[in-house]
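Letters A, B, C, D, E, F, G and H mark the chains as written, and numbering starts fresh at 1 in each.
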Amino acid sequence: MELNETLKGKEVFPGIIHETPGGGIVVSTFDSIINWARSNSLWPLSFATSCCGIEMMSTASAKYDFSRFGFEVARASPRQADVIIIAGTIVNKMAPVLKRLYDQMADPKYVIAMGACAISGGPFFYNTYSVVKGADHIIPVDVYIPGCPPRPEALLHSLISLQEKIKMGMTREQIRGDFKTV
Amino acid sequence: MDISTIILYAIAACILGAGILAVTSTKIFRAAIYLLFSLVSIAALYFWMQVEFIAAIQIVVYVGGIVVLIIFSIFLTQQSGKEMAKPSAGKILASLGAALFGFLFTANIITHYSWGENPGRIFTVTVDQIGREMLSTTEHGYILPFEVISMLLLAAMIGCIVIALKRTEKTLDI
Amino acid sequence: MFSLEGLTAMIQNWLAANFNPTMILVLQCVIVILLAITLFAVLGLVLVLMERKVAAHIQIRLGPNRVGPGGMFQTVADTLKLIMKEGLTPDKADKLLFNLAPFVVMMVGMLLLAPIAFAKNFQIWDLNIGVLYISSISSLSVIGILMAGWASNNKYSLLGAMRSGAQIVSYELSAGFAVLSIIVFTGSLQITDIINSQENGWWLFKGHIPAIISFVIFIIAVTAETNRAPFDLAEAESELTAGFHTEYSGMRFALFFLAEYINIFIVCAIGATLFLGGWMPLHIGHWEGFNHLMDYIPSSVWFMGKTFFLIFLIMWFRWTFPRLRVDQLLNLEWKYLLPISLFNLLLATVIAIYGWHF
Amino acid sequence: MTNEAIKEFITATLPSASFDETGEWLNIQIEPTQLLTLAKALREGETNMNYLFCLTCVDWKTHLTMVYHFSSTQHRNSIVVKANLDRNQPSIETLSFIWRTAEFHEREVFEMFGVQFENHPDLRKLILEDEFKGFPLRKDFEDPINMIKL
Amino acid sequence: MSQGPLIPILLVSTGLFFIGMYGLFTRRNMITMLMAIELMLNSVNINFVAFNKYLFPEKLNGLFFSLFIITIAAAEAAVAIAIIINLYRSHQSIDVDDATEMKY
Amino acid sequence: MFIKDYISDVYNGVTSLLKGMRKTGWYFVHPKEIITEQYPDNRATLKLADRFKGEVVMPHDENNEHTCTGCTACELACPNGTIKVVTKFETTPEGKKKKAIDALVYRLELCTMCNLCVAACPSDAIKMAPTFEHSVFDRTKLTKILNQPGSKIKEGIE
Amino acid sequence: MIQETEIIKDTTHLGDEGELVVNMGPQHPATHGVLHLVVTLNGETIKKIEPHLGYIHRSIEKMCESLTYRQFIYVTSRMDYLSSHINNLGCALLIEKGMQIEVPERAKYVRVILSELTRIASHELWLGAMAMDLGAFTPFFYAFREREMITDIMEDTCGARLTMNYIVPGGLMYDIHPDFQKKVKAFITQFKSKVTEYEDLVTNNVIFQSRTKGVGILSAEDAISYGCTGPVARASGVSCDIRKLFPYEVYDKVEFDEVIETAGDSFARYMVRVKEMNQSIRIIEQLIDNIPEGDFVGKTKNVLKLPKGEFYTRVETARGELGVYIVSEGGTTPHRIKFRSPGFSNLSALNHMAAGSKIGDLMATMGTLDLVIPDIDR
Amino acid sequence: MGAISLIALLVAAIAFSAGGILVGKILVKGSSNPQKGQAYECGIPTDTSPWHQFNVGYYLFALLFLIFDVELVFLYPWAVVVKKIGIVALIEIIVFIFILFMGFLYAHKKGALKWN
């Protein structure tokens, strides 16, 4: 593979990257207040498929305690959740489920891809017939956090980054926009 | 018309409206909910009449008990989302006619009868009064009915249990 | 300072001086509406934050501390976010009932505020069947849950709703009996009478063992009635995802969430009124000095203090115990609480009749 | 029980079975049609092989080999039973009536190798999607869309 | 209507009674029929209370009657539903038309 | 006796519950037991284990020199193709052609921190760094070139 | 011997009269990941449970066929990630057995200590998660406090918190951290002092007991027939601890008891795991001060080639017996590799255990089965 | 301030809930997709509706509850006056409760209180 192509991420990933319509954009002067509220109240969907999920649990545990940021209200129902933390491998059989979960979430919604698997398939990128090569082939992802698994602080870091993005008042398209610009 | 009359009419509208919906709704669960609204409105009417005790009892027994029981039995015996079959038009017409006739007839009587109403006397009732009368053993006391009620409830309870726990051959495991 | 004692009278006088009777009525209504909404909002914010903080400290962690000083605005952010979140209605739901259910739950919560005495002379409506009113209105809340669960057209919701239906109606009984044993002492259903009867001591202390037993039963029963852990089967997360409000999102979900906390507040307020003397300061026998000192603390503070103590108790339960299974839950009610409370009622009656209480 | 005793026992029921003792455990090679007889004998006889701890299949490009690892919680010795199957129409008797754990293991082998288990109570795909085509653990499995070769 | 609210209340109760009757006539489902019956009982209750309040304010008999009616309604509903469920169990239907033909 | 059993049931149940409540209550009134570490406020004092495998880095010395010879041992050792060694031929001052790396492309998004590449590297050119703040909004940013621009191989490394 | 009639034939179609078919999972808080259970309910009573797997099937077995023997070990960390170290150990043992690689004593000791620490960590996590399934949130945090200490130790020594990848064929990747012994001892003290907490909050709690006792009963015969291993089988009275039966590494040198309960219900499974933690502590205590000096890795060739043939190793992970079965053709990569995962067999008993009980019981049963789904799906 | 306060409170409840819901409705534009309106069942599409006839074991409890609830209702006026009437009230209620307790025992004996 050519170096340049590798760097530009233009590699042809198998599967299709789905476009998802954006939503939940407030256009008014109290934007910043709303964004402050949204960024500080990101309720995660309790969604974990594998190993990274354990580190997500560790992040919830007393030592790292993501409730400090107000994230602790993990909802089991996607209707009430704001952010999916894709913690773990997504396989072909799971992909429609993930898509459905995402679709069923109420806007505004955000996605964090946690761990190598969720970003790109990670350890299961080559030679496997069943692993989705990156969750962004299924749903749009806002923040990527590499690691296998990322340590709890890293997950916190990604949550903070997501908060920053929301606070900056970006619309969802903008948050995801620079994915296309490079 | 003062406020209280307006409220009375509003309550009356709720009672009758919810009642009509309750007997005409084709979804049985909704019918139960409309029945509930009708019953609650009746309780509101009691509140309006300042017989709070009866109003509270109405809610406790009817809403907290009977409607919940009805809802459970709906789950148990019905496909609660299914539309119920509409009765035939002829039946509707006949029943409607009968009901309307009955209503107009009675209404006629009611409006033309001169009730010995005396708005001057103030009716107040306290729970204390009710309690005293209920437990008093004098001529106007209700102690006997009170104790009989317990027998009735006992009978009802035993009856329910006997019936409900009876297992026929085709019993589903409930 | 914080006392609300004179407030109502003040407002009444002012209104009477300035407006005609109809106007007064309307203005009073407006004041009540505003007060109730504010109270709801504030209570919701405070209680949710309190719950999180209590949970955090029990669980050796810090809890929300980054939004505002010490995390104070965490729930504000949550509320704003929930308001600004899309409210979904499932396609196959019974849309009418689905949208109605949160209103029903909310209305029940609001109506329950009427007879609660927040401070001396600070009460919306001191109706003569106060306690009975509370138990009757609170039995309405089960309907809201059943409606929500059925209308969602979701299996988890329906299962959760039916569980909570059975649970709430069952536990209403022992809550009722526990309340009755205090009414036997007070001889009145009116909230003011009940509070006034505790001038020289709270019923929890005056009423000997029956009062204590009924207090315990009351706390257990109301915990169950408000669907709180360990009786939170209706929304048992590990079993039924989110129970009856699985399909609710945005503000409608927030209303359920809020109603849960409001209900807790109300039942705890009732508990405080019945057993701990409402806004009555703590008075001990003939310790005049001490009693005097206590009187300096405003009555609203007493009331809130007691209520929040009970709320804390209920939260403490939640973060300590595992959840009961549904049949165990019903067993507990029908095999233990109900017979005990029946027996306890008789005991209380004997004590009341012979005047053995203080 | 020693390997010798087991051998003797097996030869008594199944004279045609061949043995191989080079590995860690005693290997018994049989014909697929004989499996049920042998399995029943192993389970019920004095060997008391009540524990089927591994059931799998190996693709040898020319044929498939079913590999069963049996053990006995009484005697604590293990044996391996192998049966070669035709690669085009692999089929063998199910053991799920004798060892219940076989039910899931056989379903797995069914979808991964395409082996038909006769009389299996519920032979459906367990792990893969229902629409999945092919038998991924066979050596010639190709999936150009999902499988990127390193 | 100089007479006070008695007549409107009576009209409401009458209306409710005939609504219940209409329901009883048109519905074939036992549970809904039970619901109709409850409506009729309630209309009677309203009457009792209203008469007591407006015609005989010094007595409590009307209240007690409505109290007992509520009690009996509860007992009746309980037994009725037990029967309905039992019927359903044995016949898989709670339609009155089916129930009339049954041999219990 | 039935009544006795009943009472002892209730008693045992209640005491066991109270015990649990005592424990949680104890923690509630002992805030010292809280063990929460406040990331990101503790960022300055946060000490990670020095062996922590956060990402693969290539240390450069002050002359912007590294020790990678471009032998591709790491690429071969890596189980999931995270590392790509792109080599070029350099002419040394003596005029000899020498293989050297053009870029050591490292795709953090794929890396599983297994340490096999580091173990395989014959000249210790790469190592694991205990960093973790890698969150990005764009996954292409996770593809890194480990050798710094303009860097060259250290003298004397073959 | 099970009669043929005993196997429940699948005759019920979806949604019989009065029945409700509910999907639990793949996104369900109680399925610990992505298990999909199709539960047929009659009221609240479970009629039948049908597990659907594959929502995290990562085709590890296929993948390993193209990885070298050095490389494939790391993938196994991701299978049963809670016993990742033990998984690695199983693979390394197989390679060492196949190639007759000598492993230094020091490495063996450290491997065993780390295995036991992994086991404790896994059980701690299970304890918290199970308590959470039963609705008690607080034990989760207390259990994680201790678990964090272990992950700390792991991080110091192995460089990773969860997926250690510390074992290489022939020994260890690096030597242990200088603080290793000290930290492990500190952990042991801490652990011992906190045991009463679990007792107060969980073990002796009347609600917990009534939720687990007599729930999800699995008889010894069924346990064997279903191929259950590990704590699940031991709670039913089946002795199946590989560490005792076929000791590997230095397990034959240490004293410990195989924990066996006979009730076979959820509470027994709970007790087995809790007692096992104590046994693990016992093992660690015996070894921690006696780690011999010396090399931490043996001499190995650079390119590993397993001789032609078949190899099978069994190790005891936190969930039960892990079997690694490799068919080698003599090359650098395995021809066929099969992981006999404990969870797969344990899961197959779920229907048997939970049918006829309540939904709430299902949580207790599943919680005490301690399923790790990637281990099942591989 | 009397019963009118109930109406005020009702208005407050409606205003509060409707206000919140409306603000969200007006200001938030949600995306739409075919999945969104489907029932959530752990991410699996569901075809069987829960509005299906369904067995509940709870109705027996609802039955018993109803009976006891009525009893409770009668106890309220009794409880208010018991202190004033004294021993007669006690005896009356003992009879009352005793009769019902018989029913309770009967239910217990019949296993109606055992949830199956």
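Note that contacts are C-beta pairs under 8 Å (C-beta built on N, C-alpha and C of every residue); 3 or more make two chains touch, one makes a residue touch a chain.
Remember, predicted model here, so these are calculated numbers, not experimental data.
**Q** Starting at subunit A, how many touch steps does it take at minimum to reach subunit B?
**A** The fewest touching-chain steps linking subunit A to subunit B number 2.
**Q** When contacts are scored as defined above, which chain pair ends up with more C-beta pairs, A-D or C-H?
**A** Output for the comparison: C-H.
**Q** Once you find the CA centre of subunit C and the CA centre of subunit G, what distance in Å lies between them?
**A** From the centre of subunit C to the centre of subunit G is 45 Å.
**Q** Nearest whole angstrom, what separates the Cα centre of subunit A from the Cα centre of subunit H?
**A** 41
**Q** Compute the distance, rounded to whole Å, between the mean C-alpha positions of subunit F and subunit H.
**A** Here subunit F and subunit H have centroids separated by 54 Å.
**Q** Could you tell me which residues belong to subunit E and also touch two or more other chains?
**A** Touching at least two other chains: 67, 70-71, 74-75, 77-78, 81-82, 85, 92.
**Q** If you look at subunit H, which of its residues touch at least two other chains?
**A** 3-4, 6-7, 27-30, 36, 38, 40-44, 46, 49-59, 62-67, 69-70, 72-74, 76, 79-82, 84, 89, 116
**Q** Do you know which subunit A residues sit against two or more other chains?
**A** Within subunit A, the residues that touch at least two other chains are 23-24, 26, 61-63, 65, 68, 76-79, 93, 97, 101, 104, 106-108, 123-131, 148, 151.
**Q** Within the complex, which stretch of subunit B touches subunit C?
**A** 3, 27, 29-30, 33, 36, 40, 52-53, 55-57, 59-60, 63-65, 67-68, 71-72, 75, 80-81, 126-128
**Q** Per the contact definition, I'd like the list of subunit A residues that touch subunit D in the complex.
**A** On the subunit A side, the touching residues are 14-15, 92-93, 125-131, 133.
**Q** For a test of understanding, state which residues of subunit H touch subunit B in their complex under the given definition.
**A** 3-4, 6-7, 49, 51-60, 62-67, 69-74, 76-82, 84-85, 88-89, 92, 95-96, 99-100, 102-103, 106-107, 110-112, 116
**Q** Which of the residues in subunit G come into contact with subunit C in the complex?
**A** Within the complex, subunit G contacts subunit C at residues 20, 22, 28-30, 41, 44, 131-138, 140-142, 145, 201-202, 205, 207-208, 210-211, 358-363.
**Q** Give the list of subunit H residues in touch with subunit A in this complex.
**A** Those residues of subunit H that touch subunit A are 27-36, 38, 40, 43-45.
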